[in-house]
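Dumping the structure here so I can ask a few things about it.
In this document, chain identifiers A, B, C and D correspond to the written order of the chains, with residue numbering beginning at 1 in each.
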Amino acid sequence: MAEDVKTPAPPPPPEGEKKPTAEKTAEAAPAVADAKPAAPVKPAAAAKPAAPAKPAGPVPLPWTSPLVEKYKAQYGSALEALTYLGQNYFAVDRSLIPNLLRLLRDEEEFDYCVDITAVHYPKREKQFDVIWILYSFPRNERVRVKTQIADGASIPSSVSIWATANWLEREVYDMFGIQFDGHPDLKRILLPDGWKGHPLRKDYGILQQDQEWVQINLGIESGQ
Amino acid sequence: MNDRLDPMSNLDLDAPDTYLDSNELIINMGPQHPATHGVLRVILKLDGEKVLGTECVIGYLHRGVEKIAENRTYTMFNPYVDRMDYVAAVSNGLGYCEAVEKLLNVEAPARAKYIRVILTELNRIASHQLWLGTHALDIGAMTPLFYTFRDREEILKIFEKYCGARLTTHAFRIGGCQYETYAGFEKDVKNFLTFVAPKIDEYETLLTTNRIWLERTKNVGIISAADAIALGVTGPVLRASGVKWDLRKAQPYAAYADFDFEIPIGENGDTYDRYLVRMAEMRQSLRIIEQAVNGIPEGPIMGKVPKVIKPPVGEIYHSIEAPKGELGYFIVSDGSTQPYRIRVRPPSFVNLQALDIMVRGLLVADVIAVIGTLDIVLGEVDR
Amino acid sequence: MPNFIMSYLGSTLTPGQAGNQFWALIYVLIIFAGVSVAVIAMNWIERKALAHFQIRLGPMRVGPHGLLQPFADALKLMLKEDIIPSEADQFVFWVAPLIGLLAAFTVYTVIPFGPSQAVSDMNIGILFMLGVSSLGVLGIVVAGWASNSHYPLIGALRSSAQMVSYEVAMGLAVVSAIVMTSLNSTGTGTLSMIGIVQAQQQQGVWFIFKFFPLGFIAFGIFAIAMVAETNRAPFDMAEAESELTAGYHTEYSGLRWSLFMLAEYAAMIAVSSIAVTLWLGGWMRPFPNLLHAPAWDFIFSLFPGLTFGALAAIALLGTVRMPSHSFFKIQRVGLAVFAGLLGLIALLLLVIAVAGRSADSSLAARFNDGIGYVYWFVLKVSVFMYLFIWYRATWPRYRFDQLMKIGWKVMLPISLGVLVVTAIVGVIF
Amino acid sequence: MNSALSAGAPVATPFFFYMLSGLAVIGGILVITRRNAVHSALALIVTLLSVAGLYLMLYAPFVAGVQIIVYAGGIMVLFLFVIMLVNIERASKDRRFNRIWPIGLVAACTLMGLFVSAFVKGRALFPDRGMPLSEGSNTQEIAKALYGEVNRAGQYTFGQYTFAFEIASLLLLVAILGAVIMTKKKI
């Protein structure tokens, strides 16, 4: 703790300048520069659930750019555009999901879906963050889209938008148990079919195994 | 998007047998098969020897790296990443360390960055050499395997001298490098450069204009640029399809912005182009290493990072150009010493998804060639 | 009893022609033992040569320079558990390696190591050889089927398709050589293996150089087809280990597996023998007509002894170069003994050469001639054996459809064309 | 002893004759009684090879060679090739003798009758009737002159029997076309 306080965490303005140069993101640079004067009023409760904001740490700032303006106008408060350490992301309502992603691909040329993943916050009401990491080849720009869904709720699949989502969504399903509607073949990918439990949920212990599956299929008492 | 990219659309496993039709055969390739580079299992549906469809079954090497990360501190998790793509362990470490540094909002000193670049590029050459040897062996040429292993040995010797380990090196620390270069490091690297350049020519002599090699690789496993992008394929596979995209250029990390190098690209996106791209990449890596080792600055090798790494609340995605493609780390911090969540974006896993579209309509022998050309490492696919 | 022996040694016929059952049996035994030894030697040479192609040393531990490695391997294979998959067809699984082995060894009955150094001289010799060697594929097909497993089945299908396709081109190339045998005063050719070599002797030219480049092309076709016929790299589709794990013998282990290997190497030697007989003058030494003076005979008769002498010298050099550590003591002694053995053989051969020269038409002369024939034949065959290894070290593997394409679309038309042109040229000249 | 060895006469002719004939007959029976088609094919190979051996004993090595190369080596490989691709499990459950077996029986009996009548009535047709089969080189010479030499076989095939030879090849052509049409939907 003591060391942490000593950490020379740079204040937001220099960081805002440094990160875009590191990223070399032409479009992102003015956007973050615009963000500077705006006071960090919003601690982005959506993104950071339980932990209180560190006084010295950087906080997510609103992200403004033509792209954001356009979608803000379209979706209003269902969409929140933020930037953290120079990385931009949308925190959006679940209802926007297939449409916003499709628009991002078709209109904004985010043609490369880098990754789809999820984070589990068991104490929250909507337990899961589902995150799409997108990249645009023409713009050389990354953006993340994240949304919250409750345990047991499903979310539209984006396989029809990016073919690569197929396996990525299967992995999210495998690890978190999140259902993707319209996925062509939603089944486990890394764990064997028939395994019980979704290991990346926080309530799944690190030593926990599906003992029954192990006993039946491997013929041993325990996989430990 | 379309049926073409849907792996199961053509794989009607319950189709009735018809008399005098050629028999359709379902073959289980792997998980124990000499050419699947580990424990990949591919279910092939064949008409004679023609592949009608495939389904990959993975996870045999699943160790739950992401779950482990949530139960380790940031420092403790560092060696684990080496075990994912174990033939390019240095790249994995680089990506992880840079991602955590980004989350901590610190930067490694210039000298550390140069050392990182040198080792990472050496590792890229080693990874490509291993790929070349095994790929050629899959296609039936035994000899290149031994040549590449002989030369890869020199790289591993440098690693061993630098950090004591050859394969899972754990060469970097969050904030920089733990070890200063040993005496004679630069000389060793320079010697290696002069040693390996003619060796790469030697590999090319064996294969590049070999008739059988051409027949086996040209127009085999073609993937168009559009398909490659839609499937999220990265690395040499994407570049061989003609997309000039390399994270080292597009979003330079470490010290790559300082170096002059080119991004080799292919035209047809076939196995031969991927071969040429990787061969050219080895030469470009040599260029980078040469510039780096000549321009390596003096100074500290460790940045100002706290002893206990405790990043502020937040999340970060950072990716690097690993030998196989874009290797990304998505880290969520809850302000404690342990990461709340680490997601690894493994290039092999995503690239492997393209196998189906690449092999459909080809023969069994081509499946082997395509698995080889995708350059997957099952440790990374399954994590 | 001595009459028994001498009756053949005085004759110029093969035991089969002379109806000499005793000598035929002796020959069968000699050939069986000889081929087995050749396969063992080939095993060692292949591993060593391949290793040196690939900057390795190869076997070094069992015996000096791994000389005893093949014996260790053979012992291991014999002691290994004999696994028959429970779902396999027991009887067929059992009989398949025997079919292959029988076919591979039966061929040797007509291979002429010399004008009278063969078990028999059938007047359909070459036809018999092609026919029996084509039976070898039965063993492979049946093995693949009996294993009741996908990879062996695909391997078997591939190899049978491959062998059937390449037999066509191979047969046509052989026919063009047989057409060449008919270019004599009577106008009739021969299918007899001995007759083919004698035809080359009469016409004073190896058929590879006859009607250059016609003979050469036919030989080339045969040389390619025989690699495919024996399932060797780069045509080793049937046992492509990276695709089909081990092809038709995936499920085989231990002794049965070694029978397949034995059959494969025996078949390699057999097809090489056909090539040597048909195009490279069989047992004849180089320039038998041009350099036919007794002095030349003597010089060429020294070759076997000198070859063994050279081998002995190499072994001796190996002894000298061995590190002077006590660990290598036994190896050094072993290699020295081996060198001595080779030297003794060399000495014996040289003595026979000298004795054979001094006393014409004596037993020594007969021996001398026989050794010369066998020596040149084996030397030519071993060139092919080396080529087999060289191919394996150098080339990637063809894909199955490419292999078929080459067989049917390239080799077949060329061999057909060569046959037709050879016939026309033969009629004109 | 010595003379017997060098005479070139075959050894133990009756033994080999009965052995080969027995093998051929046993093989033939096994062909039609085995449930497993591959076993049948193997039995057929044994039969064919035995017949090749019989040809050799008749001083017709060329016919024997052709028998091996064409039937045992070529056709049987293709047989096996096809049989392996057929679903053996299903085939082995089928009834072995289907409903047209009376026709087959009649055909077999007719053929048998033909053989017997030829044997009884047509003895005069065989040119070497009454010649001792096992002894003497006379038989050997005559047989060799008639059937054995390759050039004679060639002269027969392309001289006297050219028409029959060509007809046979036409038959094969028709069979090939039929097979192609049966299996290929689109040509």
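Please note the rule applied: a contact is a pair of C-beta atoms (placed from the backbone, for glycine too) under 8 Å apart; a residue touches a chain by one contact, two chains touch by 3 or more.
Quick caveat: nothing in here was measured; it's all calculated off a predicted structure.
Shared contact partners of chain A and chain C, listed by label, are B. Comparing mean CA positions across the assembly, the chain most remote from chain C is A. Our note on geometry: chain B versus chain D, Cα centroid distance of 62 Å, whole angstroms. Separating the CA-averaged centres of chain C and chain D is a span of 31 Å.
Separation between the centroids of chain A and chain B, computed from CA atoms only, is 24 Å.
Inter-chain spacing, taken between the CA centroids of chain B and chain C, is 46 Å.
Under the contact definition stated at the top, the residues of chain D that touch 2 or more other chains are 85.
Considering their complex, residues 3-4, 7, 17-22, 89, 91-92, 95, 122-124, 127-128, 130-132, 134-135, 137-138, 141-142, 144-146, 153, 156-157, 160-161, 163-164, 167, 188, 191 of chain C touch chain D. In the complex of the two chains, the chain B residues touching chain A come out as 1, 5-9, 58-59, 62, 64, 66-68, 70-71, 102-105, 227, 229-233, 243, 245, 250-253, 257, 304, 306-308, 310-317, 319, 326, 328, 330, 332, 334-335, 340-341, 343, 345, 349-350, 352-353, 382-383. Interface of chain B with chain C (complex): residues 25, 27-28, 33-35, 49, 136-143, 145-147, 150, 206-207, 210, 212-213, 215-216, 363-366, 368.
Chain C meets chain B in the complex at residues 50, 53-56, 150-151, 154, 158, 233-234, 236-237, 240-245, 392-402. Looking at the complex, you find that chain A touches chain B at residues 1, 3-4, 6-10, 15, 22-25, 47-48, 50-51, 53-54, 56-60, 84-85, 87, 111-115, 117, 119-120, 131, 133, 137, 140, 142, 144, 159-164, 166-168, 171, 175, 184-185, 188-192, 199-200, 202, 204, 206.
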